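Heads up, the next two complexes both have chain A, just with different partners, chain B and then chain C.
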Partner chain A sequence: MSELARSARVVRALGTRSIRQTFRRPQLISPIVVFPTLLLAIQTGGAGAGVELPGFPPVQSFLQFMLAGSMMQAMMLAGNSGGIAFAVDIEMGFTDRLFAAPIPRFAIVLGRLAGTAALGLFAAIWFLAIGLIFGAEIAGGVPGALLAMALTAAAALAVGGIGAAIALRSGSASVVQGLFPLVLVVLFLSSAFFPQELMVEPARTIAEYNPLSFIVEGVREPIISGIDATHTLEAVVAILGIVVLGLVLSSRALRHRLRVG
Partner chain B sequence: MPAIVVEGLERAFGEVRAVQGIDLRVDEGEIYGFLGPNGAGKTTTVRMLTTLLLPTGGRASVAGHDVVDEARQVRASIGVALQEAALDPLMTGRELIRLQATLQGLPPAAGRERADALLERVGLSGAAERRVGEYSGGMQRRLDLAAALVHEPRVLFLDEPTTGLDPVSRKTIWEEVQALNEDGTTVFLTTQYLEEADQLADNVGIIDSGRIVAEGTPESLKGEVGSPHVELLVGEGAVPEAERVCAGLGRLLPPKDGKRVLVEVEEGAADVPRVVRALDEAGIAVESLELVRPTLDDVFVAKTGHRLEKEESEGDEELSPA
Partner chain C sequence: MEAATTAAAAPTWRANLATVLALMARAKNELVRVPGAAIPGVLAPTIFFLGLNGVFGALTELQGFQTGSYESFIVPVSMLQGAGFTGAAAGVNLARDYEHGWVDRLLVSPAPRWVLLAGNVLAASLRALIPATFVLTIAFFIGAEWPGFDGLAICYLMVAATAAVAACWGSMLALRFKSQSAAPLMQAATMAKILLTPAYAPLALLQPWLEKVAKVNPVTQVVEAARQGFVGSVTWADTWPGLVALAGLLLLLGGLALREMRRTNV
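For the complex of A and B:
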């Protein structure tokens, strides 16, 4: 078996374990599914008239507009949950089992991220299904839905990389859990839940440069108006940027962990 | 070829020198007992030998590979069961062994077969589908041991494998370690239990405050601190006469109290009848007689000036980074 094939098997096995772990630990799955679903229900029920505001992008319904935001929220929380689970592994010594195995150490991080990406994909399917059930249309059709799902999964992997790096550096689940409010701040200072054009300063400028806004728009466009190359490209670039940042931080944190044990 | 060679190995955490230039050598097929109190540097040493921690000085090789420059080859040759069984409580026993097989590069079918065989070997077949969090401490240790064996490693590191276990579970682990060793596996075993080192180890290294203070076979180490002695409890007033008689049989040791006589017997149990006969012929009534052999604790005391057994219950932690 080639080195690459062997690493791929390890990543798949660790990703599978990561997904199982999430579904077997309710406190990890509930923030990914329950919390964003409740927020979606409350916002669409209470702020549905927002679509009538001047400057609101043309959408079929507020639910259709909100789906991308909920997917981003679930994706961000999946990344955070992945980081927490990784930190729990470090705390209980499970990562020692992995570090003592003859596998490339990046495969350990990639295995965790593969699980996080799968949870991001699950979240995307969940919210697209909710949207379809409650009458939202996917303007981009099946290709649009697939693009939204792929971008959400990739974004979960990217955000999970940051969570994994913090878990590796701190070795503490509480520290990663402490990032939860920051996740919400990043979300609300993006165009996830409200069109950028209708925001007031300084939130509008922050949202304009927030990488998450680019990802949100990349996921939203196929849902509300169809696949758009510019938005897709911007989302991919934003995701790649976060992936690179996560890889650099994870790589440094891995070296630190080996130095300090 | 030696299985483990350590030369001047050091590890510091800031100002704290957890391991201070240790040297040791473990031959293939040997059980090496690394004995010392909590915080002595045992776990830090094991973490360096298993490539989980970089040394800050010296060098070490395991299975012929340098632990820093050839870490990957070292990891392919070793099995590791660390102090606190590193198990995921949400996985089932079978899932864990199969994951370990994948980590060690076994093909899927071979991994499944090996998992079944190992679960059978450690008596966990019936609990294989249960989550590890539902296992008892002894079952978790057995599972951890099985996971460490999945790729039939040349060298097995066991870091305090029986700490916190009941006597029955401890004995089960001992039997398994002995069986593995009989199959040719080299075992590096850290322990704070004297009896464990005495029962299992071919050679023992005693570590205290990051330094190896004594090394050798359990018998040779015990031999260094003296011969066995007979401890006699005699009636009041008979002590001087008993001492006079015993002085002709061996060296008298300082008495613990006014009722006991301690006499060294070079041949151990073989000398006891001689002592009994001499006392009987002298008409001295003996209330009790005990043959006391030197223990590794006596060795520890002789080498460090303090007792290991007492420290076992104090429970201070191994040095680790803040």
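For the complex of A and C:
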């Protein structure tokens, strides 16, 4: 068996383990599914009249507009949950056993990230299904839905990289758990929940430069109006930027973890 | 628990009071010894307050809003949300105490079950004042209107009682599941109860399904009572439904939590 095939097997096995782990522990799955679904329902019901505001982009309904925001919220929380689970593995010594095994170190991190990406994909499918059940249309049709799913999964992998880096560096689940409020801050300071032009300063200006806003718009566009090359490209560039950041931080944190044991 | 022991020879009501105070002091000690534990309870409602204000602030331009200041409209909700989180945290702490064997020791003590529950619930009520005050200070800083002393007093009363209701709910689940894994259920249900109300916009501007839910959700009366001073004047007509709703919720959830506590075997 080639080296690459062996690494792929490790990634698949660890990815499957991380997905199973998430679904077995309510404290890991509920932030990905329960909270964003609850918030989607409440925000759609509570702020739905916002579509009547002058300047709101043309949408079929506020639910249709909000789907991308909920996917982003679930994706970010999947990254955070993945980081927490990774830190728990470090605390319990499971990662040490993996480090001692004859497998490439990058496959250990990639296995965790593969699981996070799969959870991101699950979140995208979950919210698209909820949208369709409650009458939202996907303007971009099947290709648009597939693009939204692919971007959400890729974004989960990217954000998961940062979560994994912090888990490796700190080796503490509570430190990674402490990032939860930061996830909320990044979400609120983006165009995830409302059009950026209608947000109040200084949130509006920050949202303009927040990379998450580019990803949200890339996911939202196929849902509310159809596939748009510019928005898609901007989202891909933002995701790549976060991937690079996550890779750099993860490799440095991995070296640190191997040094300190 | 020393206070409770020394009070063993005192009249029953005094011994019970000493036990409640000892349990409240224990919760306070936890706050002093692990200040970081209070941070999530303070941070979450603050982030929600600032975030919602930044995101949905333009909603006040819609016809039907009682105020032009969204921060004034939303701050009582964030204070109640903080109370909900604090109450749910009391449930999580009780589950942790159960896992560590502390609840077992309490249950074999001569203190009545309702006294043990009251200590946990009243401690949550007091703790809820911390996030509420923090959020309120920030709200005033960014321009929320002064609700008047009467409006403020009613708002704080609603906050303390909401934390007690959430603590009863959390304690009931903690005693039923006997595991901290039930934490998401405690938090999600509390959050839902508070947000399935005219939290983001007045009743008339809600989507029809949420308007129907909000009308039958007793917490709507609590939100309206807490909010009245921030968006207008304080009236008895807006206050008493909130008091009745909280009394009813306390009776119901307190009764259920007590039933779980009586069912818990050592």
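Everything below uses one rule, namely that the second predicted complex is superposed on the first by the 261 of 261 C-alpha atoms of A that agree within 3 Å, B and C clash if a C-alpha of one lies under 4 Å from a C-alpha of the other, contacts with A are read in each partner's own complex, and residues count from 1 in each chain.
Keep in mind that, in the parts below, a residue touches a chain if its C-beta (ideal position, glycine included) is under 8 Å from a C-beta of that chain, and two chains touch if they have at least 3 such contacts.
On a predicted model such as this, the values are computed, not experimentally measured, just so you know.
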Three-chain arrangement built on chain A, chain B and chain C clash or fit: fit
First, second, both or neither for A:72, with chain B first and chain C second: neither
Partner chain(s) touched by A:48 [first = chain B, second = chain C, both, neither]: second
Apex chain A: angle to the C-alpha centres of chain B and chain C, given in degrees as a multiple of 10: 90
Which superposed partner A:154 touches (first chain B, second chain C, both, neither): neither
First, second, both or neither for A:87, with chain B first and chain C second: neither
Of chain B and chain C, the chain that contacts the larger number of chain A residues: C
Touched partner set for A:13, first chain B, second chain C, both or neither: first
Which of chain B and chain C A:216 touches, first, second, both or neither: neither
Chain B versus chain C as contact partner of A:25, first or second or both or neither: both
Touched partner set for A:254, first chain B, second chain C, both or neither: neither
Least C-alpha distance (whole Å) that remains between chain C and chain B when both complexes are overlaid: 14
Where chain A meets both chain C and chain B, residue numbers: 25
Residues of chain A touching chain C in the complex: 25-27, 30-31, 34-35, 38, 42-50, 52-53, 62, 178, 180-181, 184-185, 187-189, 193-194, 198-200, 202-204
Chain B residues within the chain A interface of the complex: 13, 44, 47, 50-54, 72-73, 75-76, 78, 80, 82, 84-91, 95, 99-100, 102-105, 107, 131, 147, 320-321
Contact footprint of chain B on chain A as seen in their complex: 1, 6, 9-10, 13-14, 17, 20-21, 24-25, 89, 92-94, 96-103, 258-261
Chain A contact footprint on chain C (complex, rising order): 40, 43-44, 47-48, 50-59, 61-62, 70, 180-185, 188, 191-192, 195-196, 198-201, 205-207, 209-210, 213
